[in-house]
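First, the structure itself, so that you have it in front of you.
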Amino acid sequence: MDLTHPPAEERFRAELRAWLAENIPAAWTEPGFWAGVGEAEGFDLRRDWERRKALAGFAGIDWPVEYGGRGGTPGMRAIYDQETQLARAPRSVNTLGLAFLAPTVMAVGTPEQKRDILGPMLRNEVIWCQGFSEPGAGSDLAALRTSGVLDGDEYVVNGQKVWTTFANRGDKIFTLVRTEPGSRRHHGISLLLIDMHAPGVEVRPIRQMSGVSEFGEVFLTDVRVAASECLGGIGNGWATAMLLLSFERGASGISQYTGFRRSYDEIVRVARALGRDTDPVLRQELGRRMVELECLRYHSMHVLTQVEQGRDLGAESSITKLQWSETYQDLFETFDALLGADVALTHPTADLDLTTLRQESFWTRSVTIWGGSSQVQRTIVAERVLGLPRGS
Amino acid sequence: MDLTHPPAEERFRAELRAWLAENIPAAWTEPGFWAGVGEAEGFDLRRDWERRKALAGFAGIDWPVEYGGRGGTPGMRAIYDQETQLARAPRSVNTLGLAFLAPTVMAVGTPEQKRDILGPMLRNEVIWCQGFSEPGAGSDLAALRTSGVLDGDEYVVNGQKVWTTFANRGDKIFTLVRTEPGSRRHHGISLLLIDMHAPGVEVRPIRQMSGVSEFGEVFLTDVRVAASECLGGIGNGWATAMLLLSFERGASGISQYTGFRRSYDEIVRVARALGRDTDPVLRQELGRRMVELECLRYHSMHVLTQVEQGRDLGAESSITKLQWSETYQDLFETFDALLGADVALTHPTADLDLTTLRQESFWTRSVTIWGGSSQVQRTIVAERVLGLPRGS
Amino acid sequence: MFFALTDEQRALAATVRDFLADRFDLTAVRAVFTDPDGDGHPPELWKAIGEQGWLAVCVPARFDGLGLGLLDAQIIARAFGAGVIPGPWLPTVLAGEAVRLAGSADQAAAVLAPLAAGDLVATVALRGPGGGYDHTGIAVRATAGGRLGGVASGVEYLEVAGLVVVAAVGPAGVGLYLLDPRGPGVTVTTQRGFDGTTRLASLSLADAAATRLPASDAAVAADLVRRGALLTAADLVGVARAALTRTVAHDIDRVQFGRPVGSFQALAHHLADLHVAVTMAEHAVLYAAHALDTALPDAELALAVAKSKANQAAGDATAAMIQYHGGIGYTWEHDAHFFYKRAKRQIPAFGDTPAHLERIAVLTVDALP
Amino acid sequence: MFFALTDEQRALAATVRDFLADRFDLTAVRAVFTDPDGDGHPPELWKAIGEQGWLAVCVPARFDGLGLGLLDAQIIARAFGAGVIPGPWLPTVLAGEAVRLAGSADQAAAVLAPLAAGDLVATVALRGPGGGYDHTGIAVRATAGGRLGGVASGVEYLEVAGLVVVAAVGPAGVGLYLLDPRGPGVTVTTQRGFDGTTRLASLSLADAAATRLPASDAAVAADLVRRGALLTAADLVGVARAALTRTVAHDIDRVQFGRPVGSFQALAHHLADLHVAVTMAEHAVLYAAHALDTALPDAELALAVAKSKANQAAGDATAAMIQYHGGIGYTWEHDAHFFYKRAKRQIPAFGDTPAHLERIAVLTVDALP
């Protein structure tokens, strides 16, 4: 065991930490700040901040230098995930592009795609959306029905996508489209890159149960897309999509841990303000949550070690997802439990504002659904990790 | 709502209670008595006691008088279940015969079968075993392989049965046998009544994890059974077996509740002896167990009402089984929890003898397996009560 | 033995259900839910509730009530939970119970008839900010002359109520007081919350005039809390059953991987467990209502069992409703969050689970001979 | 970042595993388990354990030990758990730790070399009947002269031990004492229990002579308990992983309703959840061992996390082992009950879950600035 980072990585941490301290306005880290600014203003602040961060060299930490990245180690990437959380840096507005599309482009993109997509994405000049899910195709992606019909050297795309993060703010969307008429399930699909500002693209925000709109529906009506705007080859979309989704495996859980650990402390402070932190029954619940949080941290070290050793994590990423999502949800059940009879109030006492924690609590109901529901993850663990026979 | 019993039923209660008080030796109700006497002696005591009880008119409470029963109401049956538990009367040694075989004989038996089987069973002159499960056919009963080949007017039976309660003490066994060679699944099966003392019947006790042997394996080698010793018709065994198992539905759960409620009190007394009854965390656990116990009691009143109203409970019996078996198991998890570091000891302190409670605790591990495992019960509730589509 | 509702009671249940389906369905609920600045008290609904006699259930016949008990009242509470119905029915009924149990003849005459007819919205203020439902949670003090000072939190529909029953600690201990919320010395402040099926406010009292219910004491206050807990448990059971039924219906229809989602065994078994839990909670609420109505010796235990079990069933069923609807269940546009949020609010109301479990321990551990 | 075992450590794990599979498999365990009157201490196993150096892991090199740490010791503990191995390995190692941490040079010289070689069976007596593992649980008093009086319960392998480390409260507070269990004033009484993979006894002391470990105090005693908890957690993780692996293997083979039982989704999903839990417990034990070895600032938290998680994983996995084997898993003849009973015994050993969770609350709730 050696849980330290090598000196070069620690130097990176120091450098990053100093930059973050200097560049994140104090107001941004105050409770309620992001809930207070409007959605549009918040987005613009984050977009601009991230661009500046990229120019300062703190984007694409583990991307190769040739693609505009820093060429750092997996350890630096983990440090980045941790430090940005600790500094309460704003969340990225280009997550899906950075986490999924970018590594896929590096792997199977044409030289032109690499040039045109990666740099602008890093600098937030182009915000990317993901267009995979459809109303009838949630966990069962292969049931998709959006169609693209070749007309000259363009595809005419029709269909509907749903659960698209930042649908109303995105510039481009990577989309699964059935380009071979009459094909079924995994066949005849292509991954097309569609301009969100093109004619025929309409977006309707989806309001979440928390009241916030981060997702949207995307309606595609006779949208014309150049055949060259395809990643990974026409008809090869399923394989490209599976490759793309496999990059979720890079996530070690350290970013989640760092964020949830802060939420835990905030929840403890609420308990203290309400005089409930000495209740032996609630202390047991808090203790149980901390057990799972700390396990997530140890697990993230395990994952980082595996990545550094060049091992393929494969289906193990389902373990990471289950651990962080279920732990996160349970943590906010404990939050509710300690509020007692005042659970429904935004301000249970005059000086306690729970708006942000309450939004986070509603958010946790979604994390066991998106990105592969807990049910889907358990099936993956059962079949691919434990080797249980395929059931149904 | 009217949770009282009519006067006739209350008179029955008084009569029964008085008889029990007079006829159960005080020594029998002392902790550890039944664990102290040997298995054989215990069986004989119980067999004889039950015979005397029958002669006094306290057997077959809700059986028609023509079959030697008392001709009582469902309410009297519930009172009987409750009072015998309260009085710590010994458990029956003929349960499977009384609960399952008897009502089946009443429903589909020939006049001779009714005459020959019911009376002797009530008086414990014949102890009945059940021979349904086989090593390869547990929850999946239709996978049975025991075969009976017709030879003159006798079947020659070969096969193996398992999980047979009192296998080594039984006189006769009601058995599912594949009497049509080459038949599959539910077809070609007959319910044969086999003499356990006949040549070719061999019994091997199965020791349970508690150390006690209540089950056994029954090996049938060229056992000759008269074709007339068939209940419900040759080849009609599956339907007869399903009818037989449906009589489990008579059980309202009140017997279980009354027994478990006593165990709860005993567990509380142990907690008190160890000074753990004031621990707020353990109190929560005990409270949670009491919630489920009391729900079981209310549920038993609901079931009794349904039976009195002549309603078919159908798949609802799976709810009763799930509620009592899971509650019982959880209750003993709480028992373990409150013992703390001394959990492994039979005598954690000089004056605390946990032998009986410990055996009961191991027993609770089996109740979610036999009689249809919790998994099987949940499938029944999902499909037949909720109407969810048949899955797998 | 008759552990069931009578035919009349079943008919009442059907009437409430049909009325709501017809006249106040989820579209009507949505209108109230999504208008947090509105008073959450649709007049046409209230009028109908009054006309139907659903406020008169527990009011004695001499005050034009139906003279029934909690067993009948819980039928209405369950249907209201199942329909996630807004409005001050529950606090009004409860305020009536306080007057019935502890009021003078004059007080009863003045309050109960208009309350039963739907001409009076009333509510109860039983605990201070952050406080529980026993006497330690009360943050209002009373003088011997009936002047109140202090604060109460999370009071339902205070802003439309014409009368408040306030629990206060006076010279002779805990008492219940009738207060005009528009009188001098009374400040009402809106408290924002996430459950749009109710409206909450705090009550600040500074030397406010009130009238004591003469027979009220700590025991009556505790009894009132138990009645509130029973009706809340019934509401939760209604929420739980509706959440489960809607989820089952959705998962029979919803196809993924070429099969109805409800045919996947892990999901089906979880729904089966939820059905068992909701069924037990239904039994428990029925029993507890009867036990309180007829003063059975185990009434207090039964109430604690009912509220604990209803809490669990509703919490689990509404969380499952979101999870097993997939993404759609998490949207504002879907109705799942009405059920989820109402359950979240009601679970700690009139005693959270730990409080009731500890009470059960007192009754079954400490009381064991 | 290297959060994993080294190649040498993996080789050690493989050696222990292979040795046990070869020389002390479940048939050998069964012989010990089903002979409750035997001493539970097979000499050939002990001899081999000594020869292999598995008692020498934590003993410093100057006493012929390997001078390694808990990270290496937990490898052996895990393998022993996975094999439900009987014998006094764990209490002997722990007694050695007490001497190493708090003994004089002479005491260390006298005890550690024979202990490392397998020539000395030792054990620890740290709590009284019904007591926990903190100072309040100690029921032995010591005089200034080192005479002990009182009682200790649940002492592993006391009847074959040549040396006992006893926790006692003396004039200067808690201390650890070396005791000859065959000396005058010492009474050893067998305590019957259900876990045949160990032997337990109580220790009654009446003016019994003992020698204090000079550097021992409350902090060292607490450290010793943490080391015991860590090795017990490792044992439990071994039990849990073996229970799960055996259940998966059984359910791949076992056919019901024409399909392998393991293809039923409800069961498969439960096994998947268990795999996640056992994996987390494995991580946690690894981290806690390293944290104790290198005195990381969060070592105490890590230990409490590891024991809590190992308790849960082993409890759940061994219960599932019985349930998902069907009837056979409930028989004496099947091995499932070895795992179940060992887990039951070890779960409260060196701190049950509530005790560790409360400790976590102290460290993360009370300590929050």
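Order of writing sets the labels: A, B, C and D. Residues in every chain begin at 1.
Going forward, a contact is a pair of C-beta atoms (placed from the backbone, for glycine too) under 8 Å apart; a residue touches a chain by one contact, two chains touch by 3 or more.
Keep in mind it's a predicted model, so treat the numbers as computed, not measured.
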- prompt: Any idea whether B-D or A-D has more C-beta pairs in contact?
  reply: A-D
Field: Label of the chain whose CA centroid is most distant from the centroid of subunit B
entry: A
Field: Separation of mean Cα positions, subunit C and subunit A [Å, integer]
entry: 40
Euclidean distance of C-alpha centroids - subunit A vs subunit B, Å: 54
Message: Two-or-more-chain contact residues of subunit A, please, as numbers and ranges.
response: 280-281, 284, 375, 378, 391-392
Query: When you check subunit C against every other chain, which residues touch at least two of them?
result: 259, 263-266, 268-269, 354
- line: In the complex, subunit D touches subunit A at residues 1-5, 71, 248, 251-252, 259-260, 262-265, 268-269, 271-273, 275-276, 279-281, 283-284, 286-287, 290, 301-302, 304-305, 308-309, 354, 356-361, 364-366, 368
Task: Please give the residue numbers of subunit D that touch subunit B in the complex, ascending.
output: 127, 129-133, 153-154, 191-195, 198, 200, 255-259, 263-267, 319, 322-323, 326-327, 329-333, 336-337, 340-341, 344-345, 347-349, 352, 354
Subunit A to subunit C touching residues, read off their complex: 133, 136, 138-140, 143, 162-163, 206-209, 211, 274-275, 279, 281-282, 336-337, 339-349, 358, 362, 365-366, 368-370, 373-375, 378, 391-392
Task: Would you mind writing out the residues of subunit B in touch with subunit A in their complex?
output: 280-281, 284, 391-392
Task: Quick one: which bits of subunit B touch subunit C in the complex? Just the residue numbers, please.
output: 1-5, 75, 78, 264-265, 268-269, 271-272, 277, 280, 283-284, 286-288, 290-292, 294-296, 298-299, 301-302, 304-305, 308-309, 319, 322-323, 375, 377-379, 381-383, 385-392
